[in-house]
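Here the chain labels run A, B, C and D in written order, and each chain numbers its own residues starting at 1.
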Amino acid sequence: MDFQVKMFARARDLADADSVTVALSGSCTIADLRRALSEQYPALQPVMTNLLIAVDNQYATDEMPIAPQAEIACFPPVSGG
Amino acid sequence: MKNYTEFNDRIELTDALIDYTQLTEAIRTHQAGAIILFLGTVREMTQGRQTLCLDYEAYPEMALAKMRELAGETRNQWPVEKLGIIHRLGHLELGEISVAVAVSCPHRKHAFEAGQYLIDRLKEVVPIWKKENWSDGTTAWVHPGSGSPIPLQKGGT
Amino acid sequence: MKNYTEFNDRIELTDALIDYTQLTEAIRTHQAGAIILFLGTVREMTQGRQTLCLDYEAYPEMALAKMRELAGETRNQWPVEKLGIIHRLGHLELGEISVAVAVSCPHRKHAFEAGQYLIDRLKEVVPIWKKENWSDGTTAWVHPGSGSPIPLQKGGT
Amino acid sequence: MDFQVKMFARARDLADADSVTVALSGSCTIADLRRALSEQYPALQPVMTNLLIAVDNQYATDEMPIAPQAEIACFPPVSGG
């Protein structure tokens, strides 16, 4: 199944894309998504452990399964304010 | 947890200059004896380095959702009459206001606590990022908790 | 202790409406990343009793001297860039601003602490008194620490 | 020696005067001033222990001597803010 992943800030710069498509097979977790992103965008690999993944506007942990149609985003620790 | 929307809290992202007077007037009420307004402004010096200007970027849908969550968390912990959070996005010059948080409560202790909670949590969980434009020509995304800012590019190279 | 006057802190008593926007603009600076504005406003309900309006009276010379002292104490404890304290005197209607305290600091933690210190201490040591005009027609000077307000007169008697 | 004492808030209302003149003999302290005020203005007597005395814009304790020319004020606990 294909997932769209929105990319922000330094993550977007490294992937050089606002949004990327990641193909994952079967039921999969955030950890699977991280692995696929790192493989597809090697520039993300060195910082992947620091990047955050959000699913439907909530922070997601690595063991969480990803539902089809979920809105996924990948970005660094926040620095607003 | 109470649903924040019933209170008409003012939660905004904006590309325009933040009008903190309008925000403050919006949270005044006869039920409050205390109002706290916090403004974050673009500071020139950070650990000896000089900032020229900043750029702020957000994941807007999630940023607004998280700001609403923070409003709800705050109302669950303190007797807040009204509150508002406005975050600026885009290009900011020195001294400009990046964020405004305003809270009114019956008593001042609660207003101070609620205001500090809102801005502390905003900086932890709301997906907004700041890019520093340093006076030495470098730019860098600021990523707290992942060490010092990582230079992205050298101006003119 | 540093002499507050070298910093041009804005310390005022006024019979006019407090212009908190002007005060806030006056304390903005590129050296500060954080601004706290505290406003005290005339609250309608106090422990179940309804206020119609308030009257504030000061011992002006000593009140200004104490406010300057508080500015100095605050600057000795926190890295304050600019600060201002304005207290209203005379007759105030519901919702009007009785006091405004504004502080700018490089970092927000210090701005919150300094702002809270200023208003807490102001309420302890600055010789200003508030007279409540209750909806039941009574008036009473408010004297913290000496029990509940002592009724002075019944309206119309 | 005569001392002028400025009166504020409820203290002024009870003395029914913005400023009162108190005659004290010889060297005297704040405690002496309090006694003289209470005698001259019996309405102040019941609340005198709660009233504050300031000398030259500083809070004064009972044992402090009063200098000639000092600016003296008498008022209740403050309630500004």
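Brief remarks follow.
To be clear about the criterion, contacts are C-beta pairs under 8 Å (C-beta built on N, C-alpha and C of every residue); 3 or more make two chains touch, one makes a residue touch a chain.
No experiment lies behind these values; they were computed from the predicted model shown.
Think of each touching pair as a link: the shortest run of links from chain A to chain D has 3 of them. Chain C and chain D have centres, each the mean of its CA atoms, that are 25 Å apart. Centres computed as Cα averages put chain A at a distance of 50 Å from chain C. Multi-chain contact residues, meaning those touching two or more other chains, do not occur anywhere in chain A. Residues of chain B in contact with at least two other chains: 40, 119.
Taken as a contact graph, with one node per protein chain and an edge wherever two chains touch, the assembly forms an open path, each chain linked only to its neighbours along a line.
If you check each pair of chains against the touch rule, the ones that pass are A-B, B-C, C-D. Chain contact summary for the complex, chain C toward chain D: residues 40, 56-59, 61-63, 65-66, 87, 98-99, 119, 122-131, 141-146, 150, 152.
Those residues of chain D lying in contact with chain C across their complex are 6, 8-10, 13, 47, 50, 54, 57, 59, 71, 73, 75-81.
Within the complex formed with chain C, the residues of chain B that make contact are 20-21, 24, 28-45, 94-95, 104, 106, 108, 111-112, 115-116, 119.
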